[in-house]
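Just so it is clear, A, B, C and D label the chains in written order, and each chain counts residues from 1 on its own.
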Amino acid sequence: METVRTPKEQQLIISASPHIRSEETTSRIMWSVSAALLPATIMAAYFFGPKAIFLIALTIVSAVAAEYAYQRAMNKEVTVCDGSAFLTGLLLGLNLPPTVPFYIPIVGSVVAIVLTKQLFGGLGFNVFNPALIGRAFLLISFPKLMTIWAEPTAQFVAMDAKTTATPLGIMKTEGLAKLMEVFGDKVSLYKSLAVGNVAGSLGETSAIAVLVGGIFLLIRGYISWHIPVSFLGSAAVLAWIFGGKGALFTGDPIMHLLSGGLMLGAFFMATDYVTSPSVKKGQLLFGVGCGFLTMLIRLKGGYPEGVMFAILIMNCFTPLIDRSFKSEVFGAVKVKKEAAK
Amino acid sequence: MTTKDILKIVANLVVIYLVGGAILSYVHANTSPIRYQNNIIAEEKALKLLIPDADKIEKMGDWEIHEKHGKYWKATKGEEVIGYVVLSFGKGYSSYIKTLIAVDKDFKVMKIEILDHKETPGLGDEILVPAWKDQFVGKDFDHIKLVKGETKEYIQAITGVTISSRAVTDDAVKNGVKFLIDTVKGGGAAHGGSH
Amino acid sequence: MAEATEEQVSYWELIKNGILKENTIFRLALSLCPAIAVTNNVKNGFFMGLAVVLVQVMVNFTISAMRKFIHQRIRLPIFMLVISGWVTIVNLVMDAAVPDVYREVGMYIQLIVAFASILARAEMFASKNRIVPSVFDGIGMGTGFFIALMIISAFRELIGKGQLWGFPIIDAKPLLILILPAGGFFAVGILMAAFNWVYAKYFSSGGHSH
Amino acid sequence: MDFGKLFELVVSSSLVNNYVFTMFLGLCIFFGVSKKMETAIGMSITFTTVMMISAAISWMVFKFIMVPLNIEYLMIIVFIGIVAGLVQGSDTVMRKVAPDLYNKLGIYLALISTNCIILAVPLSSVGNKYNFIETIAFALGSGLGFSLAMIIMASIREKLELAEVPGPFKGLPMAFVITGLIALAFTGFSGLITL
């Protein structure tokens, strides 16, 4: 592990001052994270067919094109090769429902790249996760189109899948009983959720595929465990305590962990270096905040799924968290860090 | 401060309060009847649209639902009672949906009208689409029920807008009609509660 | 500001000043709340703008007319009193005249009272100038605000709903977000940047110095 | 007293219906004060305190003076008078009693009377017919929500000091875009509480 930079050091370089020195590192991280999303992408293609590949590709192409066009227009150095626009496009693509018309990925990519990232001065300064803002912008602009979910066909050639509701959507509007009616029993529900044989956004349905990528990132040291563990942990605990109907401590944490975009969010989006806190303690707080807000929205809010909004809301607090934890140990950062290892 | 200053300040205040007060009271006196009238006219117009046949719609009383102030009316043609109207509220996605429901003398729904709501634009506001609202026509109390998927017998939920369409159907309309049946049929008190 | 109080400044200059150089929303960034709150359609924006023009003109007129009579010490409370008086009148009249619009913008019309821009013009201009220039200053400032509201609300209604004043114009999927809170902020931010850009390019070199 | 309802009122007015992010009020002060964290915090404390006191006084004046006299139509004048008087009064008192505190927070007092939220709270509390305790809860929530908005904004703007924002967007336009993005994130709270 000596040769690999710890996430901590990389973050400091990226978020504080994007020097040329860090450019190579940045691009290596971006491409590695993109590679870690490969299992999820393959599962998306498997369950939702050629349309999925088309949508993901289109999102990536338009994100990269938007970045290139903006940087050329503003006479800035063109940095599309660092992979960050590619990753944003890929994440946004994986977050789209499989049925959207072609202009949705384009609008989303432009919003993600221009409004969320480049207006703030480019990579390293954006406050919000670009892919998630793109997704939220689309959800609010096209509420109908963004909530039509196709049934996974599990056949590469199948066309015109039936539309249906996501497991979380069924939970929200009709309750757990109906969900059990659809899936039979708990075991087959978990199985479907883990494999990804349910309705949902392209890349988030298969919890296992996302988990494989996430573990790859953890092992290679591209992300630290703090955010994913505190995010998933707090969500699971809250789901267990408050998720049940009527009585406390009767909820189903496994179902909540496996469904929706929780895995994808916890490993790939909440951990975004630029928009999450750089201090470890801050990361734990950030993760717990995300978990809390996710469950708050899922159980009490208007939307069936809360991961996206939870991460975005916590993104608002990132500068504040960083500020309070940094000033606390100002001057002693180095020492503490060494001690922590 | 000299005496002159004090006098000037007092004079300032007196004149301004007198002139200002006079102008304000004049405007208020002239506009308040119009504003009052506007509300009455708007209400009458809405009621008339619900039961165009009636030649008189008179208020019977008030009731309360979700701590909101509802009302109900009796519609007559000549001497005969031809129906009732009730103002009801349903708890929707992000607002209470203010709904007027007209029923005939057998308490079958004649028409409903959504007066006010703050549901999500582009999604929740599909409850305003006439084709959806027309489903209520002719339904009696037992058939005011939201179901997903094709139905002629009950009320069909709008895809993706379940919460808002349920708020109108199972909350506002159902409770409104129930209130009318309980109160008018039972000849009960003017102030009925709701569930 | 100094040149505006000199006598030789023409009325046209006063109006132009209010619309361009000291545009309440885009340049001075005052009275921002209604700029977003009521601009999700042109009709609301129109009546809100109208209310502000009326209040600004009447306040400027009243204060200029009384400027020699008011004692310096209670100047500001009296200005507030005059403003809230006129706001109440406009509020009552609008409630009676356009009830359906009032239902949506009424709250914000009442809040015109707290507009820094109206008090600022009363204090900086009307209390020092004769009636006629004060009225023109009021027209200029009010119109600047009015035009800004119209631009913002047209932009938002057109893109967010595909309509103008409720009439369908564009037959494509609208970007709903623009008529919602978040989009309102984006719209004003983008339009403000555009206004800055145009202003810097075409107007700032025209002899005005800031 | 129903604590659940009060809690909902606080959460609703601070998060779900945050004045800055969903109702667009208090923007002048919001943008003006959120440039530095220190001023944002000072403003938050002063504002929340003054807000609760002024809402309480306004409620009592409305209920015990204006309603009996039938002069509800003068509420704008009366409420702005209360706010201005309160600001002036606390200015004088603070200067004498707690000069240290005055040096820290005094400057924000003067700004408060041009913040429309301080007027919007008593107006909405009257409009929604809140009782005294509810009015206090509503004022507290609104104050907290405004404080939260300012503190978040200040921390983001401090972070952006070094950022290379394109020319025409520098300053206020960018602040608007950031606020829009925060508002977009806060949309997640919608539907949490229906009041």
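Rule of thumb we're sticking to: contacts are C-beta pairs under 8 Å (C-beta built on N, C-alpha and C of every residue); 3 or more make two chains touch, one makes a residue touch a chain.
These figures come from a predicted structure and were not determined experimentally.
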| item | value |
| --- | --- |
| Chain whose Cα mean lies nearest the overall Cα mean | D |
| Of B-D and C-D, whichever chain pair has more C-beta contact pairs | C-D |
| Centre distance in Å when subunit A and subunit D are each reduced to the mean of their C-alpha atoms | 34 |
| Whole-Å gap between the CA centroids of subunit C and subunit D | 22 |
| Subunit A and subunit C: spacing of chain centres that average the CA atoms, whole Å | 42 |
| Where subunit B touches two or more other chains at once, by residue number | 24, 28, 32, 93-94, 120, 122, 163 |
| Shared-contact residues (touching 2 or more other chains) in subunit C | 81, 85, 88, 92, 176-177, 180, 182-183, 186 |
| Multi-chain contact residues (two or more partners), subunit A | 115, 137, 140, 142-143, 302 |
| Subunit B residues touching subunit A - in the complex, by the definition given at the top | 93-94, 120, 122-123, 148, 159-160, 162-163, 166 |
| Parts of subunit C lying in touch with subunit D, wherever the complex brings them together | 29-34, 36-37, 77, 80-81, 84-85, 87-88, 91-92, 107, 110-111, 113-116, 119, 177, 180-186, 188-190, 192-194, 196-197, 200 |
| Parts of subunit D lying in touch with subunit B, wherever the complex brings them together | 73-74, 190-191, 194 |
| Complex contact set, residues of subunit C against subunit A | 173, 175-177, 180, 182-183, 186 |
| Interfacial residue positions of subunit A with respect to subunit C in the complex | 103, 107, 115, 137, 140-143, 145 |
